[in-house]
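When the chains are written out, they are named A, B, C and D in that same order, and each has its own residue count from 1.
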Amino acid sequence: MWKLIVRRTFLTIPQIIILSVLVFILAQAMPGDALTGLIDPSIDPATIEAMRERLGLNNPWYVQYIDWIKGVAQGDFGQSFRFKMPVSELIGGRIINTLWLSLATLVLTYLIAIPLGITSGRFNDTWLDRAITGYTYVGFAAPLFIFALVMLFIFGFQLSWFPTSGSVAPGTEPGTFAYFMSKLYHLLLPALSMALITTVSTVQYLRSEIIDTKQKDFIVTARAKGASESRVYNRHVLRNSLLPIAAFFGYEITGLIGGTIFIENIFGYPGMGELFLSSISLRDYSVMTALVLLFGLAAIIGALLSDIILSLVDPRIRIK
Amino acid sequence: MNNVLLDIKNLKTSFRIKDDYYAAVDNVSLTVRKNEVLAIVGESGSGKSAFAFSIMGLHTRAKIEGEINYKGNNLVEANANQLKKLRGSEMGMIFQDALSALNPLMVVGAQIDEAIFLHNPKSSKSMRKKQVISLLNMVGIPRPEKTYFQYPHELSGGMRQRIVIAMAISNQPEILIADEPTTALDVTIQSQILDLIKELKEKIHAGIVLITHDLGVVAEMADRVAVMYAGQIVEIADVYTLMENPQHPYTRSLLNSIPTLSEVKADLHVIQGVVPSLQNLPRTGCRFASRIPWIEESAHETSPELHEISPGHFVRCTCYKDFYFPEQAKEERNYVAN
Amino acid sequence: MRIDKDSGTQIPDVDLGKSPSGFSILLRELIRDKVAFVSLLFLFLIIAGVFGASIIMDQNDIVKVDLFALYEPPSATYWLGTDYGGRDIFGQLIIGTRNSLAIGILVTLLTGIIGILVGLISGYYGGTIDNIFMRFVDFFMVLPILMIVIAFVTAVPGYSIVSFSLIMTAFLWMGIARLIRSKALQEKELDYVKASKTLGTSNFKIMFFQVLPNLSSIIIVTMTLNLAGNIGIESGLSFLGFGFPESTPSLGTLISYARNPQTLELRWWIWLPASILIFVLMLSINNVGQALKRATDARQRRG
Amino acid sequence: MSLIEVENLKVHFPIRGGVFQTVKDHVRAVDGVSFSIEQGQTYGLVGESGSGKTTTGRAIIGLNDITSGKVLFEGKDLASVSKKEYIDVRKDIQMIFQDPFSSLNPKKRVVDIVAEPLRNYEKLSGKEERIRVQELMELVGLSPEAIYKYPHEFSGGQRQRIGIARAIALNPKLIIADEPVSALDVSVQAQVLNFMRKIQKELNLTYLFISHDLGIIRHMCDHIGIMYKGRYVEHGTSEEIFTNPQHIYTKRLIAAIPDSDPKNRELHYEKRKLVKSEYDKLEKDFFDEEGLPFSLKSISATHQVALPERG
């Protein structure tokens, strides 16, 4: 088993390298470079050339790449042209909001998916199952951004149950309970909007997994041993179907990243997704590339965690 | 008879296809006696497995009619709770494919433990562990302590089948149903498992229902044999009578179509046609008639019954009297080309 | 029923005429499924309506700014009102749907072709080729594609509809490749592939004329579901401003006006019809896809 | 001269392991197998699962790569002939598969299935091809009108015969039959076996018959090789193997076959116990440290046994 985990971990190294090269190419391909936004047009071109030389912008690409990697490894993502501050600081201010949003979404996703999936799988082909399957169809077809807009329209504007933008009410003191509650309150509608859509694939997965497991021979064996239907479900069907779900959250990260870009934009929630979009419209490319790199890393590590958990819970993979 | 464990009368198990019910087991009457091996033989589609599942009440979507009398109760009418109490304690079952019959995510010891626990919920964990180990010993697992904590996929096919057997006998059942217990195994493993079942029979004195398609297995194991074709029993007799003096055309054809070690035949007998599917079963007349078309129609009964032609030897339909193999009459009849 | 002379085997009494092909069976199952049938009908109506109407309509006329008709609510002249530039929403809806559908179909076909090729080769040959391809695919499946597509859209100079669909294609073929690969991997273990090899058939022929037809139903199902997904992705990107160029009407662009809270709250006619249209469109395509999937699954069960 | 001679055939598969998936060891699926088959005879290859019998067959026909050793077909070594020659030779070796369901492409009509080898090797016009396929269908006892049907419209036995029609389309000399009837119902098995014997006589075919079922092997084969863990344990005529088995493994294998006479069952049971105890006692002598059988030694002109090295 350890070999498997080590091997899987080693696999992420080339992935991270390719990601960094991809991001580096992106950064190079962006119109303009580190000096474009910085420099007063009245400065003499010779001075600019000297500055370029000093910053290493005239070096061959691989030297630039290595310099860049060295910086990134130490947490130096360069300067934001617009905000005149290190990119790392800029992101640091936003990261916690996105983390909360993602966490809340994940929790809600599972809170919705598990009961619905179990009900639908266990009582398949009843009206309850049809209702749940109907919901998954609708959720599958509704693009996240449209659903979020409708949620905002109904619960934010028409009913005014939830705030329509921001991550906390202005003027609340950080660290107080009111501050925490306000954060939570601002989080709820965006997280719920995202969770209601992203959960459908988990519901569908769980449903088909349970229906599949129900037809396995070992379920017949359990019945032949004299187990009651409820025991057959709890001990055999659910256990075997829920274990893979335990590992899913890592894969969910990739989807969450896409989701936060829309959600934060629509709900005016100041997180990394929102920063990503605004950095593009402000042509603040060093921020943008740093975000692509960070999100990419998060996704790679998420997948790694999922694979490791999967190999831990399934003895067929574990013992090898 | 006092030693009758199960008295099955007119059992009919039907499955729903589209809007109709089709009987896979059609009016089967049988007794299973204490301390005997009753073999049910048939090809795929004969209804033998559906029959086994019906006894255990394991069908989830079938219509079951008739009587399965066990200790004064008709199991067909028993509720889920009554069945649950019988299953795994008084009735055990051995499955064909041990790998899929075991939960892949549970160690095998825990799966046997569950079988004991379900019928002795008050037993202590350590007691059960001891019992599991002794069961593993009994079914010939070399290192029971180690095997207890292994997962099914870590064991060989023969070992897995032993685990399934241990599970089936864990509560000393009175009836043991073995559904093709050796079909998935190599010959040397098959003979070991068959010998094991034989030895266990001596120990627990259960009535064993052995479902198989292999007449060799029947000859080795059975006391009585019921031959099934298209959902019906076509012949029942004790094993010696059946193997030496088979009467029904189907039994005779089947015995003639397998190559044996003792004599090398020039050609094997071929049963014409195919086993009809559940939807296409002939529901009237002799169900085997279409596969012996050279036999006069008048030889068959219009609604074939089981006839007792000697004590304990039953044959369905009257066509057995006129049956002959076409090979034997090739010249006169000129039936089969080349 | 006739009895064959040699062994006395009966040959099944089915008619000896043409046997139905897999595709027509699939189509028959689809028509039997009421929800899917209605969805299919609806799709045909939309496609015919949208492409028909867009021939009559003049795109330049629709995108022309009319300063005398800003934010008009629905009326007899403007069935669904106008936007901030006084442009007719209904006309934009028609052209936008056509554009979204067209790009959805284009990207689905392109990703389908690449995905099938890579998946088939990877699964059929296995070994090192497979290893390299799949490492690559796994890597891109993990990455947040939406973000990277946005980044590329920003980076590419001379941005146009062509480059937009190429960027989308470049990052969206992996899913189908992985699916086809796993199916091809199963398929090549079957004896008919081994038989073809022993009969002297070339690998190329086996791949494309023996294995590929057996994947056809799964390809049809996946491509149908992908079509819905791709329309969703395109409109999402357009919504964020990284899809169709501003001058080209698209459903996502119409919805993006709702990012202005005023529009969202007060001028529903601008964003709601496009939202409903996308939703119904995706729902219908999904319904058809799911029905096809059920049909193929059922056929596999029957053997 | 024998039609085919296999000399010291080895097929090894790499086992990869460890962090970097490097080759750690090899599975010796076939580990030094030699035999030859005379024209017109049926050679039986017997063994339990994992014995290497199927891999041997597949290596001969080129479905598995040969690690070392020779396969001489009419004197030509298949491993070293030129590609062009190989394609020619391959025509003469065909295969019948175990599973009548997966061995026919479900998306192809029977005419396309049976004509596949013809299209690869012979340039026939559409009409010639159809006539040839119809002839073949008739030869295997199926209706020639059924050529436009799909495989799923046939029963298992019929499908197996379609597979045979495809295999004999190019008039091969050797047919490798890998468990050709084990997926069929008992009553259908007989039909296919009889039929195989019939066309063998008509077309002067040579069979390499691979099976785990000793009853069928006895019925079909002239010579038999018993395999265990990739090696031979015994080789001889059908008569020698069944009436005078010498290796403890062969004895055990034969003792394990159920006796069809119920009167013998006690006797047979006792005999099985006896053979088992003999096997347990002599296991160390008959197999080396890795549990593999030794190399074959002749005990008569036709009978070879993997007897212990010492004694």
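The rule we apply is simple: a residue touches a chain if its C-beta (ideal position, glycine included) is under 8 Å from a C-beta of that chain, and two chains touch if they have at least 3 such contacts.
In UniProt terms, the chains line up like this: A, C = Peptide/nickel transport system permease protein; B, D = Peptide/nickel transport system ATP-binding protein.
Just so you know, these numbers come straight off a predicted model, no measurement behind them.
**Student:** Which chain lies the greatest distance away from chain B when centres are computed from Cα atoms alone?
**Tutor:** For chain B, the chain whose C-alpha mean is farthest off is A.
**Student:** Quick check on this structure: which chain has its C-alpha centroid closest to the centroid of all protein C-alpha atoms?
**Tutor:** Taking the mean of C-alpha atoms per chain, the most central one is C.
**Student:** Round to the nearest whole Å and give the separation of the Cα centres of chain C and chain D.
**Tutor:** Roughly 47 Å, centre to centre.
**Student:** Could you give the separation in Å between the centres of chain B and chain C, each centre being the mean of its C-alpha atoms?
**Tutor:** Taking the mean C-alpha position of each chain, the two centres sit 51 Å apart.
**Student:** State, to the nearest whole Å, the distance from the C-alpha centre of chain B to the C-alpha centre of chain D.
**Tutor:** 31
**Student:** Measure off the straight-line distance from the CA centroid of chain A to the CA centroid of chain B, and report it in whole Å.
**Tutor:** Roughly 55 Å, centre to centre.
**Student:** Quick check on chain A: which residues sit in contact with 2+ other chains?
**Tutor:** Touching at least two other chains: none.
**Student:** Residues touching two or more other chains, restricted to chain D: which are they?
**Tutor:** Correct list: 155, 157, 191, 194.
**Student:** Please list all residues of chain C that touch 2 or more other chains.
**Tutor:** 5-7, 9
**Student:** Please give the residue numbers of chain D that touch chain C in the complex, ascending.
**Tutor:** 58, 61-63, 87, 90-91, 93-95, 97-99, 101-109, 116-117, 120-121, 141-143, 145-146, 148-150, 152-155, 157-158, 163, 166, 191, 194-195
**Student:** Using the touch rule from the top, collect the residues of chain C that touch chain D in their complex.
**Tutor:** 2, 4-7, 9, 11-12, 14, 16-19, 22, 190-192, 194-201, 210, 213-214, 216, 303
**Student:** Going by the contact rule set out above, which residues of chain A touch chain C in the complex?
**Tutor:** 11, 14-15, 18-19, 22, 26, 29-31, 137-138, 140-146, 149-150, 152-153, 157, 164-165, 251, 254, 257-258, 261-262, 265-266, 276-277, 280-281, 288-289, 291-292, 295-296, 299-300, 302-303
**Student:** Could you pull out which chain A residues touch chain B in their complex?
**Tutor:** The contact residues of chain A facing chain B are 216-218, 220-229, 231, 235-236, 239-240, 243, 314-316, 319.
**Student:** In their complex, what parts of chain B are in touch with chain D?
**Tutor:** 43-44, 186-191, 194-195, 198, 213-222, 239-240, 243, 253-254, 257-262, 264-265, 267-271, 274-275, 338
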